[in-house]
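Chain lettering (A, B, C and D) follows the sequence in which the chains are written, and residue indices restart at 1 in each chain.
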Amino acid sequence: ATTAEMHKQLSDEQLGDLIEASLESRENSYSPYSKFKVGAALLTHDDTVITGCNVENISYGLSNCAERTAVFRAVVQGYRKFKAIAITAEMGNKFVGPCGACRQVMAEFGLDWEVYLAMPNKSYMKTTVGKLLPDSFSPDWVTLG
Amino acid sequence: ATTAEMHKQLSDEQLGDLIEASLESRENSYSPYSKFKVGAALLTHDDTVITGCNVENISYGLSNCAERTAVFRAVVQGYRKFKAIAITAEMGNKFVGPCGACRQVMAEFGLDWEVYLAMPNKSYMKTTVGKLLPDSFSPDWVTLG
Amino acid sequence: ATTAEMHKQLSDEQLGDLIEASLESRENSYSPYSKFKVGAALLTHDDTVITGCNVENISYGLSNCAERTAVFRAVVQGYRKFKAIAITAEMGNKFVGPCGACRQVMAEFGLDWEVYLAMPNKSYMKTTVGKLLPDSFSPDWVTLG
Amino acid sequence: ATTAEMHKQLSDEQLGDLIEASLESRENSYSPYSKFKVGAALLTHDDTVITGCNVENISYGLSNCAERTAVFRAVVQGYRKFKAIAITAEMGNKFVGPCGACRQVMAEFGLDWEVYLAMPNKSYMKTTVGKLLPDSFSPDWVTLG
């Protein structure tokens, strides 16, 4: 299957389940410092759902986001190829993308997979890893004389 | 059960299984940059074994060690209390402790649990999270005049 | 001065100097693990140039990139507002953007400043922090029924 | 000079100045999330003082501590060898050591240099990088039968 076809395989039902899984995973969030619970659910190439939540640390810099937690879990389970990730947080009325660190960790495993930024009410915004971390293949470069 | 009693519950068989689990987890290590495979296996307060491996990134600073991966996985599964962790790597003839970042992440969930630094041949060294990250409650302080 | 006007103030000479400073800073790169030297030079709102280089660690995850080093240095010197950053590395013939972690750290101090990805031969590509870390304010969101 | 002799060269005056520098550096702390200002001052092998402060990020995991900031700054300035670091924070009546990530970053540049945990009132506790990050060369290892 091409990547395009692979993405077609993500049905509304699968997406609903993925968002639901990310919502449930928020419950295990360990976020005593930010009080900000985030959940994520990764859909692997073989349609396995692997969840994550944020895990904070008293030394803030050692905190790990939900998205990275999900990716790390997946790798331990032998996965390296993903179709999609759903990320859920309570952010008022705004969709906010993953932090740069998570984008980088997701990009390690391909740019061409989908990212669903979702809210507890299940509204969502769809993007891709590649769009979230543009490689700057933009054309406006020159050679400095 | 007191912590001391809890630790007594870690039988030779459990320790052997824990080291074995950490060895098996190394197989899923994603370490194309360092070529250095590390595995970890965490024993939760209820005797569940949760494994981890290192997951590297082309931007080295986004790499995650096996120990932290195991802790993050455990938190997603609802655990916050641990008896022990076994960490396995091929380091020649030397036992090397976890990196400081992993010590800090482990310490978030208590200082009084055991760390087994093990080798593929199953020889091991035993220490604790608290010993690996002394809080510097040492007594040699003074007030500068 | 508006931001647009502020950017106009970055003359060809300033840009040349900024790239030159980033190149010089590469010389202090501590990169024994990747052998990949990166330099950065930040231009503050008051036209001060503050450089950075990558500083690696035997535990790869504790490595710090040149861009973040430059930002951290600037903050220590009291700066919080930047016009531009030049980043130099030897990457063959390709311009490669900063890693996600660096994009996130730069974005903490504004999205509307310039990023110059440069090569030792001083060819460069121009982008901005905001373009490198799109917040996903894209319009294609729906509510899942 | 041996390391021992080198350490002798850290006079009371130097230590007082180092703590003072770390206190001053706290003023530039960028810590809108934790509201916890930390300062550090590094003494290089040639008696140069290089300061640092913590620089936080809205994605907590991208935050950088004062100690690491100081080390990164020093490396950019060409330093790789240090005599001592003073770290200052307002922690009530308790001396608290650096986080594990900072210990790891300091250890990259040697174990045999001094760490002064200080308070705004200039009381301090003295330890070393090596003591803060024991390599677990302790002797209580056995081979699992």
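The criterion applied here is as follows: contacts are C-beta pairs under 8 Å (C-beta built on N, C-alpha and C of every residue); 3 or more make two chains touch, one makes a residue touch a chain.
As the structure is a computational prediction, the values presented were derived from the model and not from experiment.
**Student:** More C-beta pairs touching across which pair, A-D or A-B?
**Tutor:** A-B
**Student:** Please identify which of B-D, A-B or B-C repeats the interface of C-D; the criterion is that more than half of the contact pairs agree.
**Tutor:** Duplicate interface of C-D: A-B.
**Student:** Between chain A and chain C, tell me the centre distance in angstrom, where each centre is the average of that chain's C-alpha atoms.
**Tutor:** Taking the average C-alpha coordinate of chain A and of chain C, the gap between them is 24 Å.
**Student:** How many angstrom lie between the CA centroids of chain A and chain D, rounded to a whole number?
**Tutor:** For chain A versus chain D, the centre distance works out to 35 Å.
**Student:** Quick one: chain A and chain B, Cα centre-to-centre, how many Å?
**Tutor:** Using C-alpha averages as centres, the distance is 26 Å.
**Student:** Residues touching two or more other chains, restricted to chain C: which are they?
**Tutor:** In chain C, the residues touching two or more other chains are 56-59, 62, 64, 99-102, 104-105.
**Student:** Which positions of chain A touch chain B when the two form their complex?
**Tutor:** Against chain B, chain A makes touches at 25, 28, 30, 51-53, 55, 57-59, 62, 64, 68-73, 75-78, 80, 101, 104-105, 108.
**Student:** So in the complex, which bits of chain D are touching chain B?
**Tutor:** 12, 15-16, 19, 95-97, 99-105, 107, 117-118, 121-127, 131-138, 140-145
**Student:** Can you list the chain D residues touching chain A in their complex?
**Tutor:** Residues in contact with chain A: 33-34, 56-65, 99-102.
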